[in-house]
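Sharing a structure with you now.
Read from first to last, the chains carry the letters A, B, C, D and E; within each, the first residue is number 1.
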Amino acid sequence: MEIPKQLIPLEDTPGEFVINVGPQHPSTHGVLHLRIKLDGEKILEIEPHLGYIHRGIEKISESLGYRQSIYLTSRMDYLSAHMNNQACSLLVEKGLQIEVPDRAKAIRILMVELQRLASHQLWWGSAGLDMGAVSPFFFAFREREQILEIFEETCGTRLTMNYITPGGVMNDLHPDFVKKVKALIKQFKVNIHEYDKLLTGNIIFQKRTQNVGFLPRDLAISLGASGPVARASGISCDIRKLHPYDGYEKLDFSEIVMDKGDSFTRYLVRIEEMKQSMHIIDQLIDNIPEGDYRARVKGIIRLPEGEYYQRVETARGELGVFVVSDGNKTPYRIKYRTPNFSNLGALQYIAKDSKIGDLVAIMATLDLIIPDIDR
Amino acid sequence: MKALFRYFSSIFSAFKSLWTGMRLTFYYLSHPKTILTQQYPENRKTLYIPEAFKGEVVLIHDENNEHGCTACRMCEMTCPNGTIKITSITEETEDGKKKKILDEWIYNLGMCTFCAQCIEACPQNAIKMQNTFEHSVYDRKELIKKLNHPGSKLKSTKKI
Amino acid sequence: MILMIGFKDITLWIHQMLSGYLNPGWVVASEALLVGLAMILLVVIMAVAMIYMERKVAGFMQLRLGPMRVGLWGSMQAFADVLKLLLKECLTPNGADKLLFSLAPFVVLTVSFLALAPFSFAPGLQLWDLNIGVLYISAVSSIGVIGILMAGWSSNNKYSLLGGMRSGAQIVSYELSAGLSIIAIVIMCGSLSIHDIILSQSDGWWIFKGHLPAMFAFVVFVIASTAELNRAPFDLAEAEQELTAGFHTEYSGMQFAMFFLAEYTNMFIVSMVGTTVFLGGWMPFHIVGFEAFNHLMDYVPSFIWFFGKTFFILFLIMWFRWTFPRMRIDQLLKLEWKYLLPLSIINIVIAAFITIMGWHF
Amino acid sequence: MGSGSLILLMFCGILFAGLAIGLGKVFSIKTYNTEKGEAYECGIQTEGTTWVQFNVGYYLFSLIFLVFDVEIVFLYPWAVVLKEIGMVAFTEILIFSLFLFMGLLYAYKKKALTWV
Amino acid sequence: MSKEELKAYLEVNFPTCKFEDTIDFPVVIVEQGQLLSLLKSLREAPSTDFDLLFCQTAVDYKTRFEVIYHLSSTTFRHDLVVKVLLDDREHPELESIFSIWKAAELFENEIFDLFGIRFLNHPNLRRIILGDEWQGYPLRKDYTDANILIP
């Protein structure tokens, strides 16, 4: 085993030193370990070290059935648990060629968009928190709590849903669902202005994020960035538009693409995405088709031999599920191409030559979820 | 001159943006009715836990202390974590047939991830998720629960 | 009407009583003991009150209730915290400079105690009417940065080092505009003594009398003193999300509590300076022409006026903290050197001009 | 109370801090663990020395600070006597602060006020 | 380009490659030696312009490894899967594609960590997830928990 190349404190260069940010650090949102070489306040090099919550989801899945593997995916990006489940379910449905009932599709989109809202709300709160504004965190949780309550009523859990299953969804909507979602959207359309008042329009916040952490378009493509991070750099990469699934093609919404590529643009993209999510929910909430909420799928799923790839748009970007099946009831190889893993790659490029304070702002707007990186 | 104007207008707009934020926080400070905090153990009586909330697995017993579990072990096989252990005893029925009867339905709450796949898998609908949530105990062993009540037996479907 | 007696009479009474029993040397000693106890009590009570206020303000601004468990409405929370800190071990990291490490909390706290000397809390309630009172406060309170630098450097922790360095650059810079904003008022009243400054405001507070320069000076003063206190949005020295806890990362137990207490005492001091210089100290609020109203205001005891105004400034500082994001180190210095300092210098010139022309009241 | 109050207050501060820390030392529950002595760096051991030469960016500001702090020290006595002396003092300080202002501008133009 | 056009294009330009088809993407199986030149031309040729490497992974087929590159283009929106077979199980080695797509850095680190495939000319090849003290490569099919790890 050759010793891996690492940053070594340069004894002969005065003023440069290595500092560890994470795994136990308030701004890493989990246990990400960054070794940072500093010159005073300036960052010279960043080296990410992962694996503090590597649970071997891909390896475990090789010994679990398809149904059982899906519940593990809720624990990857726990803020987009619905999307992760949906990706696996779509893949199974593609392999087995199951037609999902319309009602199930509508429920899926509603849930997924609510999840996206909740995820972006939490991101907004923690982005503020990372920059030292504590209050936004609580304002964000006020709205997120309502969404989680809606989830709780229908899905039975608040975070790790396991609600979207192959063939449809696990159980039917709660009778109060429509009413509560409508109230929520109505409320949130008012409350989103508070977001502008507290952070978007705030001069300190703007100065902290504007012209910080530039991710040029070419670099973003080369790094395989996706989601709001890539869209802020001017790349159209919304899977919902490019490879529509579950009836996104019938819905009217626009992909938010901005091209400045700094932290503030990433922030704006997410804020606008929240509005788009609300727009999607508005279209669907009154038109949930009647019918079955689930197609019949066998208890033990065996995918035909072959390779499958399914991608969905989670709150953080493109989640790809790659499955090699040998016809057994367990996947031969399953690979999750998670959005955060690729977005993390951008960190060491864009945070270079900025300050420690900027690093926090950049990490906040990259919106990294560490379990999703480690899997 | 233009630079000077920009200098002062930037100061003005900065103050304005800060003031909007301060006004918002002051609004909430001066309106205590907007407070969302719940005083948890005190409000236990009014606490709303949805019926569907997945708290723990229970074996459904009816008033005659009968349950529906035929010890087919589908749930045990479906469970991703090995939360469920079912032991059965083989008993001879009156007409001489051998029949598996549930002996112990062991449920390890500490290992459960509340994915509810056992509920989905159960062909008899003998188990369900209950919306209880205060599970904390002092010893981890207490989380391993035996779900079939003492003396309970299989629901006789023939009666109906 | 015991409050109308005034503190001068009380101190005189105590002095006479003690002189009756003891010889002069012991009188001085026992008086010193009383005063010292009173000062410690003042600091502790104010810190407890401010911690409680801070938590409630933060809670209510964030749709929360704040502490509710210990005592009625969580009023005993601060005492519970002190008890907790008392039971915590004071750790010293390996390789730290042990002497400086254990000295730093002493320095920080002692400095904030020292700065209390010239304040006048009510008529007659003043430890030492220094003729350069304002200068003394700003001189003494800037020693505090040495304690912070000591703490940051001696911890043998890179976060602490960065925090200490940041704090050094920051406090040193904002010292200037805080000083300049006070000078604007000193120009108008022509004295550095706290007592004189308060007396000069008997016909109206300087923030009203001094026209625009005084108001501007007040704004600059609040900003600069927030920065000097290392509080959000200028809390770079202990920026939680960047440096975990900055210069006091390695401190635990009562040593940490001393930093905490010093921070709150400094907050109190800064608010008192603001009150004394801009808001008239213990002078009641008067409106020229409304004699009945003014008379009514006179009935409110002077120390209530003083502490009321102090808490108003404290609230302002807390309000900032729970609303704004944190600034970055270069922006922080940019704000000082490109905005506050030039504008303060211009402000002084204007203030001087107004004073010479006699345009202020 | 006069200048004795300073000694008193200093004594108060030292006594209070000493008492509090001493009480903490007495009452605290002590355990031994090698990890406790490590400097906190997010749970990772520190690499290299902490006490390195530091980026000059900080010190430049303290040098400029020195200049302006001296100015403020000059301003205090001026401010006290301004009313008595009148216009002469005003013009004098106008020239004085003009020089300083130019110094500030110079520092700004030389990019001494930009963070490196 | 559509699937058929891509296939035709590749047949002309890279006649030694083999072709497959899955439900989702057209698949090209390439020799180890040819990999870099194929990927480079796919990236740089204006008619293909595969500028996005959105997934790179490996599969252990017990006798051989397969490294799989999922490529896409942000201009044409066509996808392609490139596969390369590695027969040497003891010392699997492959040319790194970091010079073409920066995304490969983390992907290849991960593959190295979990499969033990070395990538030549990789800027910083290290065990990114498991750490240096871990023994064995978990995603290989012959990996057993017995030979773990960490004291």
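What we mean here is this: a contact is a pair of C-beta atoms (placed from the backbone, for glycine too) under 8 Å apart; a residue touches a chain by one contact, two chains touch by 3 or more.
No experiment lies behind these values; they were computed from the predicted model shown.
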Both chain A and chain B are touched by which chains?
-> C
From chain A, count the fewest steps through touching chains until chain D is reached.
-> 1
So the chain most remote from chain E by C-alpha centre is C
Which chain lies at the heart of the structure, taking centres as C-alpha averages?
-> A
Which two chains share the largest set of C-beta contact pairs = C-D
Could you put a whole-Å number on the gap between the CA centroids of chain A and chain E?
-> 25
Could you put a whole-Å number on the gap between the CA centroids of chain B and chain C?
-> 51
Centre to centre, by mean C-alpha position, how many angstrom separate chain C and chain E?
-> 63
Using CA atom averages as chain centres, what separation in Å is found between chain D and chain E?
-> 57
Chain C touches at least 2 other chains through residues 61-64, 158-159, 244, 322-324, 329-330
Give me the residues of chain D that touch two or more other chains.
-> 41-42, 46, 50, 54, 58, 115
Each pair of chains that touches, named by its two labels | A-B, A-C, A-D, A-E, B-C, C-D
What part of chain A is in contact with chain E in the complex they form?
-> 1, 3-6, 47-51, 54, 56, 58-59, 94-95, 219, 221-224, 226, 235-237, 242, 306-310, 318, 320, 322, 324, 332-333, 335, 337, 341-342, 344-345, 349, 374
Of all residues in chain A, those that touch chain D in their complex | 9, 11, 14-25, 33, 39-42, 355
Report the residues of chain A in contact with chain B in the complex, numbered from low to high.
-> 64-65, 67-68, 71-72, 135, 142, 145, 149, 152-157, 160, 162, 165, 170-171, 174, 194, 197-198, 201-204, 206, 299
The residues of chain E that touch chain A in their complex are 22-25, 27, 51-55, 57, 59-60, 68, 70, 74, 77, 101-103, 105-106, 110, 114, 124-132, 138-139
Which residues, counting only chain C, touch chain D once they are in their complex?
-> 32, 35-36, 39-40, 43, 85-96, 102, 105-106, 109-114, 116-117, 127-128, 132, 135, 153, 155-159, 161, 165-166, 168-169, 172-173, 175-176, 179-180, 183, 186-187, 190-192, 244, 249-250, 253-255, 257-258, 329-330, 333-334, 337-338, 341-342, 345, 348-349, 352-353, 355-356
